[in-house]
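There are two complexes below, and they share chain A, which is joined by chain B in the first and by chain C in the second.
After this line comes the complex of A and B, so read on.
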């Protein structure tokens, strides 16, 4: 492993926003996916990235996490440019991503402890119980909800200061949703971690968001503090409907 | 229950239609591929091989394409997202599979027809050139064209049915049928050296009048097999397809609970953990009962082959050479498909999200793949050694010159392992073709060319004379020159692969389907 940042925030970087995205653009197969995307996510906050299907949320998530470089613009994580070398400071749950089906949950977690330098065995034990993950079950035999919980467990067992979740509720049953949402709330308790969550399940997460960023047709259609929305008598859902309905 | 066989057939045929030369671009691909095959045949097969042998090569190629394409189709259907829709069509199960088989046969007839045209052109060019010890008579050429045309036509349904029989062998006692199927599937590959022989006895068996007989037998077998496989798959395969859940084989046979791998899992930290993650995939694969059965069969085949073939030095070295050739073909083939497979299965984001440099990810994958193949090959070599020792081991040791042959073995190992690693690295650079389509034109010949590498080595780097009398300074010098050219090229491609590997998630099968659909709509 070389040039991978450790999950610590030092000096001025600690004061910088967790994510700073400036004029990000992306074109795939001559089709514009994202254009002039600019927004910031404060450290220690929980931000919702909301938008309809095909809005470019997943591509934006991949760029923010540094998996894919943007064609134009810049992305900074805690004041330093995003990229594969910054994967140590963030924990990413991909949309409909799958873990190796030939491993049991226990084997995967054992490997993950070796793969992620910031892995916390204590968090793993604690969250395994809360999320109801059976370590003896093979991933290939898990239901969607069970695998989603295992994936979230993997993300939250790390000590990375930034957690990015792309559609954590897709295809997940009600009980699993509640477990996932409460695990996120539990992790938010210390106020040190930053969460960016892309989801369609606005009602499920509405009470948790500090800020929402609305993405449509590859552009930012709005960015609001949830508290400001409430003060003006609006909800996240009504704001979403105003923009996209 | 209302029958809709035509609509079903049309649905299946649609999945193949995109591969046909129906527009200028795909026509160019087809023409380029078959002209390349014709050119390769004219370069490599002109001096020592008869026209009938070339037609026989064509028949083997048709058998391999028909057989392996249907085998892959039978494997892919279990994990196909459309499977459950397909199974709920209100038609008899036999009609479902019949439509699939008919569409596959039709597609293979297009391919077989193209190969037949290439063989005919080859014969015509050879006859017009007037080369060889005896002139090629027009009636002989015409006889070959017709006879082998009939044989190609009979081989397509025969091999397609053998491939689709796999659909009924996924679970239960029917997995034992995999053993005969494995040997039958290998028959075309094993026939290569036989039909290339210039022996008068063999050539007699390749003449048009005998080939007509083969075509008749193959057609009769195909008709029988068609009925038998339809009944077999409709009876067992379709019910199992309905019960199967994606990743079911990965879930194992203990109801998805397991500890077998864990006990052997040694997890370190950093690169060691990355390597362990990649090795776990191969460990799981080799723990599957189906794979174990096939591996034991392959070991038995290697042992039996060595028992019958290895008598003295030449045959022993020849056997080692055949096993070494696998190192050039197998690891690069696996590595070139693994990342794409992970992208198609939506596992790649997790892999790319691991906090390691992209180069570390690729190197861990390469190390694990090579380690697994070397371990598997080691088992086959041991089986071959036991087979040879039981029969001609004494003669082999007696005729083995440790100075000359030891050096030859060292040269062979350096040549094949070096070439295998170089090709593996070259193929990593394939991800750059997602960025620049022109690069595809460089990679397409490399990917297809892997299978011609053994032939090229035999011609340029390790000819029959070297196998007889050993290697000299010239061979080592050429190997050094080749290494000096290949090593930097391999390093560049590895770097390119690491630089552009993030484009795989945008180039999945699903993304390709969407792009094709939007192009058609446009």
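After this line comes the complex of A and C, so read on.
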């Protein structure tokens, strides 16, 4: 195999990991936020980025998406350096992201469809039903769970090969969590999409992960294939407790 | 064509500290053995099953592969995946399950110094 992966979404690039993060470091006001962060996310996988609040997950995700350059180290997406010019390959749900409250869900989706070149109206229709999004509802009048479902709908209606979700479950009711988890599964079933999901709440997602990457105090505290954990009689939760309890 | 069985998460009990596909294979074998999944019944697609059970699609793929290897389900291209209607395959599978259960009971019997017949007789003895 050639070791030069083209920065396209198909073909040879499918062999390169979706994310390759090497020795990433970041300090803020002389305080170390991330140090020596190295890990990979296989293309087509669903990887959980797990760690307590304040572990550096959100900072790491902003670096992965290319929104913030790392102080040291490198990040590659499908074999090409991350950065603003690579935003097209990824769909990012930021923590505490906000949609315009004065629009209805339908108006927002109309706007988003025009904004993103990779928007799929068919996926939007399909997922609107699965996620139970009411197009007539004003965003400002939505519960946290309803807004989270609309944000996820926005992310998944794009056809970008990499989806990065930062804490999609924070403050979201149980039924919304379940609908979100089912929608994510449905979208990854064809193996074309890769997911990285940061969460400190593993209950709804534990059965979905292929791999977990544990982050604590700005460093990688472990990276495991979940099936290997289970073969040794451990669960995602027990592994998390061993590392962070 | 028989209707698709639509599963819910309540149809299976999954222990998060054991390989999930092994548990799904065991539980589906039991469903087929007791006829809850009837011969010829159509199974949900990988995508449908994964979304309904909220497990990784790879888990369902491995489950179906293993059940196919055991001859308990068949995939017809373009039509879907079905429980076999070969009675012999289902009977073989039931026999294997029965043998495994008996082997386990024999082991328990041996551990307390009894034969299979003796442990059953003892368990059924009136007080």
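Quick notes on this one:
As a convention for this text, the second predicted complex is superposed on the first by the 235 of 245 C-alpha atoms of A that agree within 3 Å, B and C clash if a C-alpha of one lies under 4 Å from a C-alpha of the other, contacts with A are read in each partner's own complex, and residues count from 1 in each chain.
In the analysis below, a contact is a pair of C-beta atoms (placed from the backbone, for glycine too) under 8 Å apart; a residue touches a chain by one contact, two chains touch by 3 or more.
Values in this document were obtained by computation on a predicted structure and should not be read as measured data.
Of the two partner chains placed around the shared chain by superposition, chain C is the only one that A:181 touches, whereas chain B remains out of contact. By the touch criterion stated above, A:233 is placed in contact with chain C alone, chain B being left untouched. The partner that reaches more residues of chain A, of the two candidates chain B and chain C, is B. In the superposition on chain A, A:46 contacts chain C only, with no contact to chain B. Touch criterion met: A:98 reaches chain B, while chain C stays clear of it.
Shared interface residues of chain A (contacting chain B in one complex, chain C in the other): none.
Of all the residues in chain B, the ones that touch chain A in their complex are 245-252, 255-259, 261-262, 265, 267-274, 276-277, 280-281, 284-285, 345-347, 349-350, 352-358, 360, 502-503, 505-506, 515. On the chain A side of its complex with chain C, the touching residues are 46, 178, 181-183, 185-186, 188-191, 204, 206-210, 227, 229-231, 233-238. Residue ranges of chain C in contact with chain A, taken from their complex: 14, 16-20, 46-47, 50-59. Of all residues in chain A, only 1-4, 28-29, 62, 65, 67-69, 84-85, 87-88, 92, 94-104, 106-107, 110-111, 113-117, 136-142 touch chain B in the complex they form.
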